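Data block below; observations after.
Chain IDs A, B, C and D follow the sequence of writing; residue 1 opens each chain.
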Amino acid sequence: MAGASGNGVKFVKQVMKFVTEGGGYDRLIEKVRIVAAGEGHCMAEMVVGTEHQNRGGTLHGGFTATLVDCISTFALMTHGKGAPGVSVNMNINYLKPAFEGEEIVINANTLRAGKKLAYLSVDIKKKESGDLVATASHIKFMG
Amino acid sequence: MAGASGNGVKFVKQVMKFVTEGGGYDRLIEKVRIVAAGEGHCMAEMVVGTEHQNRGGTLHGGFTATLVDCISTFALMTHGKGAPGVSVNMNINYLKPAFEGEEIVINANTLRAGKKLAYLSVDIKKKESGDLVATASHIKFMG
Amino acid sequence: MAGASGNGVKFVKQVMKFVTEGGGYDRLIEKVRIVAAGEGHCMAEMVVGTEHQNRGGTLHGGFTATLVDCISTFALMTHGKGAPGVSVNMNINYLKPAFEGEEIVINANTLRAGKKLAYLSVDIKKKESGDLVATASHIKFMG
Amino acid sequence: MAGASGNGVKFVKQVMKFVTEGGGYDRLIEKVRIVAAGEGHCMAEMVVGTEHQNRGGTLHGGFTATLVDCISTFALMTHGKGAPGVSVNMNINYLKPAFEGEEIVINANTLRAGKKLAYLSVDIKKKESGDLVATASHIKFMG
């Protein structure tokens, strides 16, 4: 599914439209821009805004986790049958703070997608410096 | 700090007012109700609403992570000097889905709060059945 | 299976004999003493010896992980049909060092054991002080 | 420290000799062969033997964790002042079993090494197929 990169982006944008317009929690990622997708991979970009911050003025750890969850799920959905699965475990390492106005790049990869379990990895970097903001793993159950 | 449980609740409610009214990401936890707090512990309750859900109709994994982050930070702030620290690692296990209208109880504990590092644990249960929705650990750097 | 605590201990001791005498990696836990077991729980004790240490003179992080893996698997095997499952994820937080000659207590619990996935938690404490040495979670696939 | 790759290997082999000959737990990695090291990176190889296995005949999850711990610490020691640090958190995802006789390649990288905290990543692959056996992260406190 969604083998060609162009088709992958189109497909993930459709998925994103579906989830962000549902009135649920996924509305929070509406400012995320999908820049590449396909064959188990998804890359997205976002400028850190006030609404993504904690009171310390940096990207909120809960929103970082939300980005990990969503973008890795999009990556997974470009693989195989397009099913999103259900989260089993998410592990996030916080390396550096990201500040308001900074652009971040979220890169998600499908490491293994079996019939029952899928393993995904995510890193979030500052676009300008390439510095790592966070690295994460995400395990999903495919039912 | 905030030794007596009543004072602890009052203190955490002030912290929560400060963070949720800042226009940042913490506005998302405004419906969380603090029911006990003090001596490194914090217990909160919340009814799962449409705004906390994924398109599958269950509590969003990214919001679960947000609850883990926030409530464990509140727990930590009732300990020692009240500093929130900075996230180093967060690990979340997803055991069962929580559905719209279900009330959940978030329990956070400070396992160890050293000068440099604090270790916190969180579990989220369904109030009625006691079933575990998620368990998590959170490590913060105290600077 | 292994409902009564006495039967649970007997059962886990048999499992432990089977694995430690196989010539494989499990020989390393031969000095672990099972003190309680049954209904998804297992408690074990061990005195930290030279052979469990790193060059810094404290319990090796890799052996801590081995204890987490083995004792949580024993806990799981006292639950349901006795199957050990296969590891999916293990997350370990290291809180305090344990020194040579110190006795540690390993406590493992089955948080949820579904048909496909089992979620386990482990904590390791110093027997004398009760101080936490490590906390961990372990997810297994039941096939 | 240990900038040039050749010097890095020499340095890590000296560290490994020091730790494996100490009579402690690190003796278990004596069959690991260091093939590249330097500038925060370490690559090692090993053939899975009977002594590394569980009773299911595959690489033991506790030994996988031991490899993650040791090889990532070697990687860290080729960076900066050569200090090993103390483990804070280790998270391991188990993707595929490795069988007796299979050669595995362990790759460890220093993602960030600050004054207080170091973040490391590890993957373990089968040498022949390139299939991932495990991925992991390791956080150490530098004191």
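Rule of thumb we're sticking to: a residue touches a chain if its C-beta (ideal position, glycine included) is under 8 Å from a C-beta of that chain, and two chains touch if they have at least 3 such contacts.
Since the structure is predicted, the reported quantities are computational estimates derived from the model, not experimental observations.
Colleague: Which chains, if any, touch chain A and chain B both?
Modeller: Looking at chain B and chain A together, the chains touching each of them are C, D.
Colleague: Which of the two pairs, A-C or A-D, is linked by more C-beta contacts?
Modeller: A-D
Colleague: Mind checking the centre-to-centre distance between chain C and chain D? Centres are C-alpha means, answer in whole Å.
Modeller: 23
Colleague: Per the centroid of Cα atoms for each chain, what is the distance between chain A and chain D, given in Å?
Modeller: The mean C-alpha positions of chain A and chain D differ by 28 Å.
Colleague: Find the geometric centre of each of chain A and chain C from their Cα atoms only, then give the gap between the two centres in Å, rounded to an integer.
Modeller: Comparing mean C-alpha positions, chain C is 34 Å from chain A.
Colleague: Hunt down the residues of chain B that sit against at least two other chains at once, touch-wise.
Modeller: 88-89, 91, 93, 139
Colleague: How are the chains arranged in terms of who touches whom: line, ring, star, complete or other?
Modeller: complete
Colleague: What residues on chain A touch chain C, complex-wise?
Modeller: 88-89, 91, 116-117, 139, 141
Colleague: Name, in rising order, each residue of chain C that touches chain B in their complex.
Modeller: It is residues 91, 93, 95-96, 111-112, 119, 121, 132, 135, 137, 139 of chain C that touch chain B.
Colleague: Given the complex with chain C, which residues does chain D contribute to the contact?
Modeller: Contacts found on chain D: 18-19, 22-28, 50-56, 60-63, 65-70, 84, 86-94, 97.
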